[in-house]
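Data block below; observations after.
Naming follows writing order (A, B, C and D), and every chain is counted from residue 1.
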Amino acid sequence: MTHRVRYGMVGGGEGAFIGAVHRMAARLDDGWELVCGAFSADAIKARRSGAALGVPAGRCYDNFTAMMAHEALLPTAQRMQCVVIVTPNHLHLPVALAAFQHGFHVLSDKPATASLSECRELAARLRHSGVHYGLTHAYSGYPMIREARARIARGELGAVRKILVEYTQGWLALPIERDGQKQAAWRLDPAQAGVGGCMGDIGVHAFQLAEFTTGLAVQELSAHLHSVVPGRKLDDDGTVLLRFGNGASGVLVASQICVGDENNLRLRVYGDQASLDWQQMEPNSLWLRGIDGPAQLLRTGGAGTGPEAAAAQRVPGGHPEGYIEAFANLYREFGQLLQHGGVTSVPGIETALRGMAFVETAVASSAAGNQWLPLPACLAPASD
Amino acid sequence: MTHRVRYGMVGGGEGAFIGAVHRMAARLDDGWELVCGAFSADAIKARRSGAALGVPAGRCYDNFTAMMAHEALLPTAQRMQCVVIVTPNHLHLPVALAAFQHGFHVLSDKPATASLSECRELAARLRHSGVHYGLTHAYSGYPMIREARARIARGELGAVRKILVEYTQGWLALPIERDGQKQAAWRLDPAQAGVGGCMGDIGVHAFQLAEFTTGLAVQELSAHLHSVVPGRKLDDDGTVLLRFGNGASGVLVASQICVGDENNLRLRVYGDQASLDWQQMEPNSLWLRGIDGPAQLLRTGGAGTGPEAAAAQRVPGGHPEGYIEAFANLYREFGQLLQHGGVTSVPGIETALRGMAFVETAVASSAAGNQWLPLPACLAPASD
Amino acid sequence: MTHRVRYGMVGGGEGAFIGAVHRMAARLDDGWELVCGAFSADAIKARRSGAALGVPAGRCYDNFTAMMAHEALLPTAQRMQCVVIVTPNHLHLPVALAAFQHGFHVLSDKPATASLSECRELAARLRHSGVHYGLTHAYSGYPMIREARARIARGELGAVRKILVEYTQGWLALPIERDGQKQAAWRLDPAQAGVGGCMGDIGVHAFQLAEFTTGLAVQELSAHLHSVVPGRKLDDDGTVLLRFGNGASGVLVASQICVGDENNLRLRVYGDQASLDWQQMEPNSLWLRGIDGPAQLLRTGGAGTGPEAAAAQRVPGGHPEGYIEAFANLYREFGQLLQHGGVTSVPGIETALRGMAFVETAVASSAAGNQWLPLPACLAPASD
Amino acid sequence: MTHRVRYGMVGGGEGAFIGAVHRMAARLDDGWELVCGAFSADAIKARRSGAALGVPAGRCYDNFTAMMAHEALLPTAQRMQCVVIVTPNHLHLPVALAAFQHGFHVLSDKPATASLSECRELAARLRHSGVHYGLTHAYSGYPMIREARARIARGELGAVRKILVEYTQGWLALPIERDGQKQAAWRLDPAQAGVGGCMGDIGVHAFQLAEFTTGLAVQELSAHLHSVVPGRKLDDDGTVLLRFGNGASGVLVASQICVGDENNLRLRVYGDQASLDWQQMEPNSLWLRGIDGPAQLLRTGGAGTGPEAAAAQRVPGGHPEGYIEAFANLYREFGQLLQHGGVTSVPGIETALRGMAFVETAVASSAAGNQWLPLPACLAPASD
């Protein structure tokens, strides 16, 4: 099947979080194929991870340098076309530069690099590389964010005056980085994370979302960053005041010490005619509130949404995002049953019989003047 | 990659809804591989659909009979292992029987068949077939439904007394089946749908969810079905009163004429000690309300949830289901860029630069006493 | 002040719930004045209750018979005009009849009487009495219910097809009536409550709300009532299927054994053009969902609501119902301070100073380039 | 009835908003009695307003000076005890000082005065006056705010680290003050409002709520105020960064140009052990989220709430605030019927009959095997 993009992954081995998300996302629409990887700095772990992913042993590399070099020698139709970078931040630049050098496209997790000067180098080297570079700010992929962006671009809010964006989490409220929590440890280590802690991890998402959705550019900012948990070298909390190019003001609140908050990303945009309000915890809903008339609730796939949202959705209106995952759970479990046997949660013939018994008995009861009727008993043969 | 289940699909060609959902679900965890299909009753459409899905022409069959016959002749390591049935209801039985006959496993969309007698035949034939049969009641795959089931099984609700389950939609409020809406047309045609209209389409989901989650079996029912839109031969609305084996009572409301409702599936289970409340429109939330103490909100991946929910989730707590789809949108768009070029919504180097500029300027401003600082201008080289 | 309606209360003494609500409601708009009462069947308690309410001793009666007789002899300008009945159900009829006999208007808590035959007697006697009779189905007083009624009357929903009304509570999930809980005890005693338990207590509210809001009359019903807690003589749970005069169907669910539910009263009305959805737990919100376009959220006092809702609200849009109570708490506490001294939660001069310091310092800081400025310390003189 | 506090009101005449709220709050618990007033700067309007309120003509004064002077001469048992000030801000000081001078208590609407120096004068004069002074920050009267304060005081949140408080409204998004909207006009006029616009009107509420609930004092602030609508002399929008005494940081966002927002007052307090989240638009709910375990939803009157909340509520758990107002609507309408006749929305005998018919028919249907039974027709005698 030649229509898929062949990609190699750097990082994303055992125990990683975001690498697995990238792979699922890549598979969902069948447009990508994982052909190789340097999944870990630990070569043994790298190979074990690759094997578990079905990557041929010959294309599980010890490090990204080897990966670039070997892949570049493969026939065009076989070699990877794109490198997906899911390492800690400090490796983003060297991996990307190596990819550029060998002519591979790059799709990188955020933030782009560990510092602005690194990023400028990235930009300069990209310029004449002839390849594409993408950055996975996932929140900009939500259908209702696309809807919001389209409506703002069409002027439905009038002139944008005020932007409130917040991203609060609670998972770093305690110093778990000292207890060996890997995700916390590298994010709070300047050598791996770069200059920003909370700002580099989630603040930059909030920033990107505000600019992406409104089409406005921040021109000035005033920041108030804190390391609330004693001993941290990087910020774990902060407020940044923003001035946009059109004169609008903004408030960006990002924090990882907000006990009890999950991934509370919310964007509110106020124009002089209307406002929009979106929260990641209920991503299928977008509130539109005008200066007159009742508030409107726009929903993914619902009436009144436009082609931008439609292009970004996979199931008809009313099925929440997550429906696919629920479905996939049944596939996973049935696949396990087929390959390994055992007990399963997937509904089987007993459920099938009961379901049909329900439908028929309901029809019969209704036809018989709502009579109470028993469901036929002992429906299933002995072994389901 | 020999670890995937090889499957063939019957139905699910161009314009179909649920077939595409099945394929995405099958891909998500990389455990399944689509190797063949009879995607449509229209042979030309079937081939075109297969080609678009990357299925080799030689394994795009004109009909399911041909598919079964040919696949059975292929070497074991190549031939399909499982048939996925996503046709209108009246074909569920013949396809499944053909699969059983050739020794293929079956994963079928619901309802199992067009009638209970068909389903009994299915069960009888399955019994000695040596294959597995699964039915995709997708809602039972949600993590919080697994959590609910586990808690009820552990007795956290005490004795279950009352079950309220409702599934209301509005899409059939008008007679759209007469205007060529394909999804509506077959669902309201007894020849294709079977005896149940709304009950067979969504009522059976509500029924299965109630039984699956509580572990209780309905023993008797009294039904009140209606064809609200004049001229319909099947029910489009109804209420079914339920009596469960343990003496609990239930009310099942299913309707497709509830204007404005999307897929309002909700399950409430009341025990003598506590109750649970779940809604598909916010599938990551499960309310637990006890006889004492405040209500608790259980969340997918959140504190207090158990291994059953954890086994069914893919992203850490706080990321909503749907996060993967948002991510996948970026993959889709970047893939299109790589293969076809053009303009993209995927964040690129400009975003990368602005993001790093944001983080660094925020750190600098904060360090300088919250001074207002400009973001460096003209960040990106001429071509992004 | 001659503009108030003078009323006497029967029931509502110490420990009663609904009597106190009636009195607060009567006071809110200053249109009523409590001039006398027979507050309890226990004469000592009746007098003590009256004294606490500021009713002159001479008009605190031992029983309603005495009250009627004595009040009728007072000069017109003094005597009560209306009897408010807040007793257990079985006394509603005799009190009302006595009132009719003496020419007093009646405002009665629901249900009207303990049985339909009693109610017929009530109606017959009312007919030629020349007085007015009112029944406090409080839920019909909410602004958004008025809004809903007006919209349905105007035909905005098209033909009403389906009505779902539910009222579930959990407070009777355990047999608390055996532990001396007074509110539970009389409601579950046929001698005091009449034929209906849950149905008479809250089911009748749901019924009234459905008829009041839609303007439709139930013509037939099929009921499924249960006494879930063993030993109860009256229903504590039930489902009633309804057929309305225009052919619409309805489902009424009422229960008092739904553990964890507070006063979950919800009404959904589906027409062929649009639907309405209202919940008492958030009484200021009313959802309007059309066959096209996004859902609209109508809010008390908000844009798009009409004169019917406006006539029933007291505070401008955006202040929730409950705002008055919050305000009243300060009045209550400040009044206690004035009369009894002590410590208070009412903000005082310290708060006054801090508030002004906040405003001025904010203005000064902003004017000085967002400089951090201290709030003036030691603001208040020694004794607040 | 000697138990009520006798008060006089300054301001609050025809067309005023907050004066009417004060009066309703004063009446709710029957602890206050309006005995006199200077309701408007316009003497004719003042008298007309007083008459409408049932205040005797002899105690409707032309101005507050006259009111103080005359009331002071009345016998102790008759004269007012407390002055309630509900004028524009610039009159708060002179009225309060006059009250102090004559020995009257003062209950004042916020903000205390038009400037901090005025407020200092107020404090100094109060000090030796021997009277009480109260300030109606109504939001501190909500039961769930009392609950939050009690829990924070008990240390349930651990050390407070971060406070987010926001109060956004949209009603000043357009320059309505130029179109004669009275409420807008004085609030944006420095001569009447003082130095703060949005900050003095609602920012000070947010500030007070944060300090009141947490028991912490702001020590420093950095403010960013804006006049978004061109031509305004006072701020209509702003963000104020806060530093509390214990080292916690805070962000206060207040705005009146947030199109579509009603009275969006929200307070979030994050400790190192747990957090609290409260919103005025749903004042009966308070979220408590710990570092472990599921989030808990505390509700007014619900399980798990303490005596502080209980002391501030009037109806049992489950009845929303607003229930009293709904009730009061029926009283208002029935009172109008009694005094003026006409058509009413108050349920009457027809409703009474239908309600009892419902209960009895439900019981009968259930007893008869859920048979469909008609409701008795033509229930009411000819005239209701």
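Criterion: a residue touches a chain if its C-beta (ideal position, glycine included) is under 8 Å from a C-beta of that chain, and two chains touch if they have at least 3 such contacts.
Since this is a predicted model, take the numbers as computed values, not measurements.
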item: Path length in steps (a step moves to a chain that is touched) from chain A to chain D; value: 1
item: Of B-C and A-C, whichever chain pair has more C-beta contact pairs; value: B-C
item: Inter-centroid spacing, chain D versus chain C (mean Cα positions, whole Å); value: 20
item: Gap in Å, rounded to a whole number, between the CA centres of chain C and chain B; value: 43
item: Inter-chain centre distance, chain A versus chain C - centres from mean C-alpha coordinates, in Å; value: 48
item: Residues of chain B touching at least two other chains; value: 222, 224, 241, 261, 290, 295, 299, 302, 370, 372
item: Residues of chain A that touch chain D when the two form their complex; value: 161-162, 164, 166, 170, 173-174, 222, 224, 226, 228, 237, 239, 241, 249, 251, 253, 255, 257-261, 268, 270-275, 287, 289-291, 295, 370, 372
item: Residue numbers on chain D that touch chain B, as the complex places them; value: 222, 241, 288, 290, 292-299, 302-305, 370
